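Structure below; questions to follow.
Chain nomenclature is as follows: A, B, C, D and E, assigned in order of appearance, with residue numbering initiated at 1 for each chain independently.
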Amino acid sequence: MQALYAQLLVGLINGSFYALLSLGLAVIFGMLNIINFAHGALYMMGAFCAYFLLSIGGIGYWWALLLAPIIVGIFGMVLERTMLQWIAGLDHLYGLLLTFGLALIIQGVFQNFFGSSGLPYAIPEQLRGGMNLGFMFLPVYRGWVVIFSLVVCLATWFLIERTRLGAYLRAATENPTLVRAFGINVPRMITLTYGLGVGLAALAGVLSAPINQVRPLMGENIIIVVFAVVVIGGMGSIMGSIITGFALGVVEGLTKYFYPEASNTVVFVLMVLVLLVKPTGLTGRAA
Amino acid sequence: MADEFILETHGLTKEFAGFFAVRDVSLKIRRGTIHALIGPNGAGKTTCFNLLTKFLRPSAGTILYKGQDITAVAAADVARLGLVRSFQISAVFPHLTALENVRVALQRQHGSSFDFWRSKSVLNRFNARALELLNDVGLSEFANTAAVEMPYGRKRALEIATTLALDPEMMLLDEPMAGMGHEDIDKIAALIKRISAKYTILMVEHNLSVVANLSDTITVLTRGQVLTEGPYSELSKDERVKEAYLGAGHA
Amino acid sequence: MPEVMTANKPAAAAATSTILDVKNLESWYGESHILHGMNFNVNAGEVVTLLGRNGAGKTTTLKSIMGIIGKRTGSVAFNGQQLIRMTSDKIARLGIALCPEERGIFASLDVRENLLLPPVVRPGGLTLDQIFELFPNLKERLKSQGTKLSGGEQQMLAIARILRTGASFLMLDEPTEGLAPVIIQQIGHTIARLKKEGFTILLVEQNFRFASTVADRYYVVEHGKVIDGFANADLSANMDKLHTYLGV
Amino acid sequence: GDKTVKIGALSDQSGLYADLGGPGSTLATQMAIEDSGLTAKGWKIDVISGDHQNKPDIGTSIARQWFDVDKVDIIVDVPNSGVALAVNNVVKEKNGVYINSGAATSDLTNAQCSPNTVHWTYDTYMLAHTTGQALVKAGGSTWFFLTADYAFGAALERDTTAVVTANGGKVIGGVKHPLNTSDFSSFLLQAQSSGAKVIGLANAGGDTTNTIKQAAEFGINKGGQKLAALLLFLTDVKSIGLDIAQGLNFTETFYWDMNDQTRAFSDRFAKRMKNGAPPTMVQAGVYAGVMHYFKALDALGENPHDGVKVVDKMKSIPTEDALFGKGEIQPNGRTIHTAYLFEVKKPSESKGPWDLYKLVGSVPGDQAFTPLDKSACALLKK
Amino acid sequence: MTSITDATLPITPRAVRDEMIVFVIMAALLAIVPWTGLYPFFVMQALCFALLACAFNLLIGYGGLLSFGHAMFLGTAGYCSAHALKVWGLPPELGILVGIAGSFVLSVITGYISIRRQGIYFAMITLALSQLLYFIYLQAPFTHGEDGIQGIPQGRMFGILDLSKPTVLYYVVLVGFLAGFLLIFRTINSPFGEVLKSIRENEQRAISLGYKTDQYKLLAFILSGTLAGFAGALKVFVAQNASLTDVEVPMSGLIVLMTLVGGLGTVFGPVVGAFVIVGMQQYLAGFGQWVTVIQGTIFVACVLTFRRGVVGEIAHLFKRSL
């Protein structure tokens, strides 16, 4: 029983990454109608950015948490301005193809310069060590990850669902021309939103740098899992993607305990089941 | 009495999270007539249509079509039974020619639509019938034009031709004249009049002159409920209808 | 009928000055050339109606003024300012608002959010209460998803939301389409009221009968050009011509 | 025959194994050519390199094209067991020479052995055997396995279990994790609560490094449990960093800082590497293998362009070189040489960026590798 | 939503005739390959990928469904054939049939699941399904995990054609490719193809005409998956192995790339694209590490500037359907 609690908690930690990443995907999808295939690569860039900040600039974790998302976010905005903008209004699938290509390029370039094996990144001084919770040894850093990402997720949700800016975003998703004709600078808003989504990915990258290897391919597989999360949760709702993200982390954690061999397939199997029962996803509106 | 009334509803109701868009509507549509559904905006006309064609599931009530209960039948099957709708926004296959548009409908009826190993030249046997249908709606000269290149009113006509190709018994038209110029309105009105000889028609329309000229019976809906029913001559004098729909200044 | 707040210009003084001046306006959708040199103007405080058959280019004209069309040349001067190279968000901030033909209600926003969406660009718009007095249907459905409204309700919402912004130059593209006669009358009253308060309105209408109740002047559009224009006073004299133009 | 040789260095140039093989293996081949002195004797030797991208089908199609079109005589390196086995078939079909250094699978000299193949450097049997034996002897009597759930992981676990029990130890549990997992915390919690003295990592690459990193986070070392990585390379240790990897035990057959000869070679090598890294054991194996190949050619006096003949010659000469010392190539194609057990240094003990290991034990080649009587190779039944 | 394929090209009897002429030229060119000194294994590989890309194109170009997991059919058929040939010792023709059967079953199942959603979701679902299958194959014993099935006997087809002879093998692969290609060509121009096109144009309308559009999409999916499997079965004879590479996500990406480069929704585009990409992989192998970057760049360049693909641009230039 105790072991079970431990696994639940561990699952929640992974869920934080799924939630942050699927949230970023949902934000970008909402605004640009693009499935950002480069999300995994940008997540990886976030981690690398933290690494560079430390190894070149001597800038530590806490600043990296702020700076890396901004830097990668700006990089994302440049991508948006120079490329994604040109395919606005075309079939959504072009966005998928374009970002897939971008992911290949980004990952390829990083692989060329940094090889495939990982680079080290240490846990910050203040978050080292762990607490004995009785039923498990919880590293402080992991606890921090859960709490911090929960806060970020909720803040993003609030921004988009409860503020005026969010209403602009949602409206511009549907009919950018008209929103612009109301006097809102839509292209700039789109760019910023892409930056926000990318920044969330980079933030997840920074959070994961101390516990996973900082490697060029670190985002390759996780992004496919996150796609499945998104299919399960449906991208219609921000809250939906947050909740499914955390929930699936927990489900995966439990699988690791009861039947570890299936732990990397369980999310996909779940996706199949959800599709059979409720094709629009758990929270999704009909497409 | 299934013979006299082709479509009947009993206590048809649709509720959207506490809001009754359609409430307890019982309709009887007489075979071979043009029946109009009018009412102020938001009265529930389109919702009614959606219920009849199974695009929405009723919260309560039953629908009888040719005496058969179709309340639980799927959308595509309703079409197969001969109850076919047109859309408020024109629905054609834009990059198919007018002829092909009609042929797609004919093809469904006559099978062979799963045959991936046969040449599509087998479809040529439908050409004569398709041309005949296009001719009926005055589109013969557009036969080889892609639908996307046709003027608005003509698309509307094409849509009707496609619907007729299904050999329906009853057609549901939702605001067939919306957004049309006067010319086209007259053309389509004449077309509807002509085809009503063979088919039963239920339509929603705000253009009063069209409603007045075409329809045999009119049902007035307000707030999801039937207000009254009768021929135009009667209704136009009804105070309640004037207040709810026609407006004070109506002559 | 609600009280409309003071608009930007006193109605009487404005009647003579040209607020919008369109010269040689040409527009394209991709490869297809739609407007072939439109020339017309609108004076402050007027209601001007563009008439024409389907596909004549009326909607395109409005879109060109608003700056939401691929390519356009010529001159569009608004209060002396040249709009032809401006982006639509800047144009909107000058106090021009468009109610589009296809309504453009947002599905992911509820009715209230739809209504509050367009930012207020200058003082003088209607308050929410005034709007609900005009369109009581909307008040009942405030929590509903935008596109779940009936066709007519959506039309009302589309008009209502630009009245809030304070824009004094309104472009309405077939505002009566799909509306019940009662509501059309109401819209007619609204337009009359707005005009009295100093709003300038450029209207596109198929419903000629309705247009005649509100317009000061008409332009007839055919094949992307203005081929005729006359004042409401001369309407009866021009009726025959109009019949041939429009096929009424 | 004539005196021309064409060598194909087939490796993973950009993926997971690029750092331990890759361009470094091509360089090792190049250095072997220079050091052999054959050019001075009138030989003409060329090297081409290729990237198999860790995909068996790309590997075989490159190999096939090399033999058919480019007239390559010998293929070297080929890390990644899947690709290695696939290329093994092609080399046999085309009667070339195959000196594998990078692949772990002991199948190359067992069920799938070939008269054209020499397997240098290491294999799963040797790794499991050396590490398992040494740790049990050092008091690691109870084991828990974290095993990558595929053939390679299972083989490592099976071989290690055999050694552990043979030496009086006991395996008290284990968990199979999927390949390429990024989060090991669940599995580590299970390992932790098992109370085993040694946690054996029967996995490879990113999986191993991630496990080690996260084990440190969960305080596994501090709790007194010892991690044993069954397959770990210099580059992995470098990427994990000493403060986390310290104390880790594992087996390799070559380390740059063993003696003057290895240091001298490594110096020359590192100067020519883009990132200044010393050779890994795989790269060292490529060098040594190619050197031995040249010895055989020299002895034959010409290149017969007949793979079996050359490999037979190679087997007939004992191996001896600066990097691996003395050894031999067994009839099944297995090269045997001494295996070493290393421990990762504490950060305080390290004197340079690549000063990472300290030697804690060694096993002679004939005890470290599969005994011939246990080899399933068909060549032995002749 | 604008369509992903160039629907503005004429669909006339002349178009079909044009396409037939090009087909004959293509077949003739391919038939003389063994005498040109071109490396036959390269061409065979390209032919397998060409068939694969054509099968993929049937789904995207004519059904409007972009599958990002088509590698699963390639790989599944490959494993099935390889197992049948190596373990069961079946003759080549039966080995191919087993492969086709495997991919057929898979396409029925995955099709049933994935056509429940459209557009981007469909792409993501197929991607996830192929990843699921990848993990299954990674763990299943009969695939030999990372090692793959190696050294598959080529055998004698129908007891007479010795497939270990490159020339014989080449013609067998060529005939297989041409047969598959013709079947796809026929499907596009069949009564079924017409319905598929109308569903792509306006699905709601097709439903209201009484078409159960899911069934048509499912059939298109099954045809596409099964033909992709046929390509996978042929590839087993060329590569003599079956490995995880063929079920991995990058392979699915490669299929998309080939079709995109050649021209989505064009008849010959996938063939051209397959030759371009396979050729690039072969001859740019020297760039080693940069190949993925180059592929990514091609993706980006195609989407930004060259959406119609090679064949699509040519067709557009001459206003012909190709």
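FYI, a contact is a pair of C-beta atoms (placed from the backbone, for glycine too) under 8 Å apart; a residue touches a chain by one contact, two chains touch by 3 or more.
Everything numeric here is computed off the predicted structure, so don't read it as measured data.
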Set of chains whose contacts include both subunit E and subunit D: A
Identify the chains in contact with subunit B as well as subunit D, in label order. E
Once you count every C-beta pair in contact for both, which comes out on top, A-E or B-E? A-E
Chain located farthest away, centre of subunit A as origin (C-alpha): B
Give, as an integer number of Å, the spacing between the C-alpha centres of subunit C and subunit A. 44
Mind checking the centre-to-centre distance between subunit A and subunit D? Centres are C-alpha means, answer in whole Å. 37
Between the Cα centroids of subunit B and subunit C the separation in whole angstrom comes to 31
Where subunit E touches two or more other chains, by residue: 3, 135, 139, 289, 291-292
Residues of subunit A that touch two or more other chains sit at 108, 111-112, 221, 261, 264-265
Spell out, as numbers or ranges, the residues of subunit D touching 2 or more other chains. 14, 18, 149, 178
I'd like to see which chains touch which, written out pair by pair. A-C, A-D, A-E, B-C, B-E, D-E
Which bits of subunit C are touching subunit B when the two form their complex? 53-55, 101, 137, 141, 144, 148-153, 155-156, 174, 177-185, 206, 246-248
Of all residues in subunit D, which touch subunit E in the complex? 13-14, 18, 49-51, 53, 55-58, 60-62, 64-65, 68-69, 80-82, 85-86, 88-89, 105, 107, 112, 149-152, 178-179
Complex contact set, residues of subunit A against subunit D: 3, 6-7, 10-11, 13-14, 108, 111-112, 115-120, 122-123, 130, 136-137, 139, 141-142, 208, 211-213, 215, 218, 221-222, 253, 256-257, 260-261, 263-265
Within the complex, which stretch of subunit E touches subunit D? 39, 41-42, 45, 135, 138-139, 144-148, 150-151, 239-241, 243-246, 281-282, 285, 288-289, 291-292
Would you pull the subunit B residues touching subunit C in the complex into a rising list? 16, 19, 38-47, 88, 151-153, 175, 178-184, 206, 208, 243-250
